[in-house]
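Each of the next two complexes has chain A plus one other chain: chain B in the first, chain C in the second.
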Partner chain A sequence: MTDAAHLEAAVAAGRPRRARPPGPLVWGGAILGLSLFLAAAPSLVAPYDPLAFDYGAILQPPSPAHPFGTDNFGRDVLSRVIHAYRIDMGIAVFATVVPFVLGTLVGAVVGYAGGLAETVFGRVVDAVITFPFLVLVIAIVSVLGPGLINMYIAVSLVGWVFYARIVASEVKVQKRLDYAEAGRAMGYTHARIVLRHLLPNAITPAIVYWMTDMALAILLGSSLGYLGLGAQPPAAEWGVQIAEGKNFMATAWWISVFPGAAIVVTGLGFSLLGDGLAALLRVRR
Partner chain B sequence: MSAPLLSVRGLTARFRAGGREVTAVDDVSFDVGEGEVLGLVGESGSGKSVTLRSLLRLLPSGARVEGQALWQGRDLVAMPDARLRRVRGGAISMIFQEPMTALNPVLPVRVQIEESLRAHTALDRAGRRARARELLDLVGIPDAARRLDEYPHQFSGGMRQRAMIAIALASEPRLLLADEPTTALDVTIQDQILKLILDLKDRLGMSVVLVTHDLGVVAETCSRMAVMYAGRIVEQGGVREVFASPRHAYTLGLLGSVPRAGTERSALRSIEGTPPGLAAIPPGCAFNPRCAFATTVCREVRPDLSPRTPGHLAACHHSDRVAQASLAA
Partner chain C sequence: MSTPEYLARRLLQLVPTLIAILVVVFALVRLLPGDPASAILGDRALDADVERINREYGFDRPIPVQFGIFVRQVLTGDLGDSTSLKVPVAQLIAERLPITMLLTLMAALISVALAVPLAFVAALCRDRLADGMIRGAFQVGLSMPVFYLGLILLTVFGARLGWFPVGGDGDGLLDLLYHLVLPAITLALSLAAVLMRNLRAAIIDVVDADYVTFARSKGLRGSLVLLRHVLRNALISTVALFGLSIGTLLGGAVVTETVFAIPGAGRLMVDSITGRDYPVVQGLTLALAVLVSLTFLLTDLLQAWLDPRIAR
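And now, the complex of A and B:
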């Protein structure tokens, strides 16, 4: 259909023409939809038990029976990659949701209040971003002890700062706009103005960053898994799998490469979704 | 005149700017009567908007407000925050210059009207829904039922100002503070909005304080007017008297700069120079460097705002000469 025909159809239907969702959003959504399905029901798709040893089929290259090959215990790499979706998608969500919520609230309050709160917050930000993110997280995990729960705690302790900084700067802009003043002139409370009026207008960049952050969280979770600080063997987790395969890189590349590819694809999905959301929300403005 | 609805005495607003304190509103006093429309006129930076905001203490943090604003026996300037919040948007509502930005862009218009109803009335959910629709009808938005669920960006400028007025009227206020409500609109729409405000004032029995820089708007809508210059009121009185015989050189200059229909064609006169910055207000009468009538006394002594004829006040050393000049013109 041509543009003019589109327009006519829209006018005839008596409602404004809806823009098509941006391509990245569609692709990102498709990748993540599939990922979520695999995370929800890995046993439906995986051909083998991810933890079952099979000493009759050790270090098999990819074949029809084992499309991604087998590792040094004869475990099916495809099945392990699929089962790892549950842990790694879990990391993407649980390592970022607390920083997102907490950081957004703190940022909104700090941005609205300004003054001393802003000064103190600024110093906290400085203190946190002085350290490389991974180093700080590893330091906290090494104090708390390895494991997924402690990893979530460590990432949350550090990660909220980035959300808070984004939201605070956005709220600072929004609170000077007329509708915020109009809210005060209407006698609304500060809490109401911040939560109901400023935050919905300020949260878009934080949501977009959240998508990117989920991709980073998967990378981080895999890195910590690789280093033995995140998910623990024999659990199926991409970072753990890559670590298990590193001694066989020269002879059995498939043990490490397929989990690596899964990380790349999933990360790409989150990035595309973030890009697509950014484009979509920009159009709506 | 019976006891005024709002009585402002010695209102002063100071800001810190670049390490020093500037006075944006200086010792301003006026009354607003029941059902009256008071026009607050002045150039940009004359302090008219700050005066309006000071009444509800809607100034940036760091601003200091002094003086009195008596509202139903209570002083708005000294009132505790929680109490003032009930007055804001309740008995005293405000509308703004920029209808494009004064509405929240991410909430449908219905939500924004209902929010005001929720804050200031005891209506239940169904009652608020019905009332929101009535209010949109009241401010003359056609097809109100459908437009309620639209977002501000789907409204034109005039429509948005109408929606803003609907929100402000939700609480059935006694006093409407209007900060240049028509400045950002087309001329034809300006007229509609002014008529709407006047009409609603009569139907709902409100008073209005209208801030504007447009003398035509004042002539059309206001019963009394106060002219501001450099943070002070320099002339105050009935619109008819002030237009017929201004008593302050600045007012005379303003009137001379407006085209008048029905008189002989004459060149428009502008006022020489620019208004002083707040940090450098000249001693004596603040208008003296731009004033054709200025003498030594004007450069040294600040004139008081005092009655010249009953109900007509001016702060000018030469108000009689100004009055004569205006008759001669």
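And now, the complex of A and C:
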């Protein structure tokens, strides 16, 4: 901890402060920890094979043997929901990690260089934000063909812009501060100043946005799965599962309702973690 | 700068944006692995057909020439023909896009009607029970996928209770509006959550501002202060956010129309992808992007009206 942070903490401790429990951070962390565990080892928890047909137990309502019921092929819905964590948490990570890394680097360069780079980047941003994100991703997927890998490519082609915009504006502020000036006076290279000194100070808002973006990626991934453009059946993916159950909503609601609940809970986990991090790191959003 | 000058400058800014949109949409089909003609015709295409398509679409010409042809065609309203429906793409878009626009407009109105009063309640009861409940509910709304919410509303209020039709676009304008109620609510919820969150924070910022205290101290009625001073100023950033969200709303419309079987532009888009109908995908992407850039223009003007300093 730096001296300034110590001082601030001491001052804060000295004045009567309303107790603010780190609730969001704890809850978000707990939900995501559990989600990651399920994604890593679904077979340890899931009671059945997610793909195994059982024609003796078709469209069974929730019961002790099948807590989330079974679908029209007799597959256990709970096991499918659990196995889907692997694909959907994978989407959250793989659809956002390239945009995060690439966008952060581009944003740092653009923010530090300014001038022409900034102007050109501004035009790119203007162009990208005019396209409805989902429409552009769907259009790219339609050209590349349905499937998860093509979805990651499509999202990465567009998504880096948002990170770059956040980091560029932050680096622009940081590079005018004294410590950046000092780095230049010491004769450090531009690369060293940007990567070692500016970026660590400018990256926080991008990390907080990353949390939101992972929740958005799950929404996007499951939407594409629902439309038949993302994960392909019979794979266990929440969007695919909801699509499979949509014609049984009136008679066997459990096929679609439980996967949807998993999406909502996971999304909540990411937004709670994002809120908690924002509060902890004092990011205004 | 005067208002007409701001309007002129803002219109001029539209030109590079439109050029960029054209470049992206043009590049889209050129992303195709292999040559576009075989992609359009499928794997078992005959060489003669591939050659014919190449000539028809100009794929055998140099890229800049192709772009020139593309721009000229778009400017004359010629977006090519749908490969599966055999009708001009422009005509398809003219038929289907108004339904999507109506749906999006209804959703926008519903989300504003939900967000504004709830944001006031949440901001004025800050950190109390009502605030917590409203924020909690909207947090859930934010994590709810559009297609899931739509499916649930459709099952409960359409199939089970029979209050609303379970899909389609009905007969005539009034019936269409009735058919769009559930889809519009579905689409509105997540935008309402985003706007609510932003507006709540903005109201909290504004409520303690000096000019609001001054207005109160002049003895102005509480509701008048809220409307004339607090809401107007809190709305400025929310209008910007609303403009930026319009793309998300249109994207959501694609999914919503599929869930509710509404024959709008979104449904057309999904159908065209399944049918590998690239001219339609391209035309719709173009049309939706232009629609968004026009919405940006509108919200910028609205912001300038709310805060004349912006136009300066």
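Convention: the second predicted complex is superposed on the first by the 261 of 285 C-alpha atoms of A that agree within 3 Å, B and C clash if a C-alpha of one lies under 4 Å from a C-alpha of the other, contacts with A are read in each partner's own complex, and residues count from 1 in each chain.
Here, a contact is a pair of C-beta atoms (placed from the backbone, for glycine too) under 8 Å apart; a residue touches a chain by one contact, two chains touch by 3 or more.
Values in this document were obtained by computation on a predicted structure and should not be read as measured data.
**Q** Could you look at A:G115 and tell me whether it touches chain B, chain C, both or neither (first, second, both, neither)?
**A** Only chain B is touched by A:G115; chain C is not.
**Q** Of the two partners chain B and chain C, indicate the one touching more residues belonging to chain A.
**A** C
**Q** Touching A:A52, do we find chain B (first), chain C (second), both, or neither?
**A** It touches nothing on chain B or chain C.
**Q** Is A:A250 touching the first partner chain B, the second partner chain C, both, or neither of them?
**A** After superposing on A, A:A250 lies in contact with chain C but is clear of chain B.
**Q** With both complexes overlaid on chain A, does A:A185 touch chain B (first), chain C (second), both or neither?
**A** A:A185 sits against chain B, while chain C stays out of touch.
**Q** Does the superposition put A:L177 against chain B (first), chain C (second), both, or neither?
**A** A:L177: touches chain B, not chain C.
**Q** Counting only touches as set out at the top, which of chain B and chain C does A:I149 meet: first, second, both, neither?
**A** Neither partner.
**Q** Is A:V264 contacted by the first partner chain B, the second partner chain C, both or neither?
**A** A:V264 sits against chain C, while chain B stays out of touch.
**Q** Contact-wise, after the overlay, does A:R196 reach chain B, chain C, both or neither (first, second, both, neither)?
**A** The answer is first: A:R196 touches chain B but not chain C.
**Q** Jot down the residues of chain A that show up as touching in both complexes, chain B in one and chain C in the other.
**A** Touching chain B in the first complex and chain C in the second, no residue of chain A appears in both lists.
**Q** Mind pulling up the chain A residues that touch chain C in the complex?
**A** Against chain C, the touching part of chain A is residues 123-124, 126-127, 129-136, 138-144, 215, 219, 222-223, 226-229, 239, 242, 246, 249-250, 253, 256-257, 260, 263-268, 271.
**Q** What does chain C use to touch chain A in their complex?
**A** So the residues of chain C in touch with chain A come to 16-17, 20-21, 23-24, 28-29, 31-33, 39, 139-140, 142-148, 151-152, 154-155, 159-160, 244, 246-252, 254-255, 258-259, 269-270, 272-274, 276, 278, 281-282, 284-285, 288-289, 292-293, 296.
**Q** Looking at the complex, which residues from chain A come into contact with chain B?
**A** Going through chain A, the ones touching chain B are 16, 114-115, 177-179, 181-189, 196-197, 200-201, 285.
**Q** Can you name the residues of chain B that touch chain A in the complex?
**A** 56, 58, 61, 84-90, 93-94, 96-98, 101-107, 115-116, 119-120, 154, 164, 167-168
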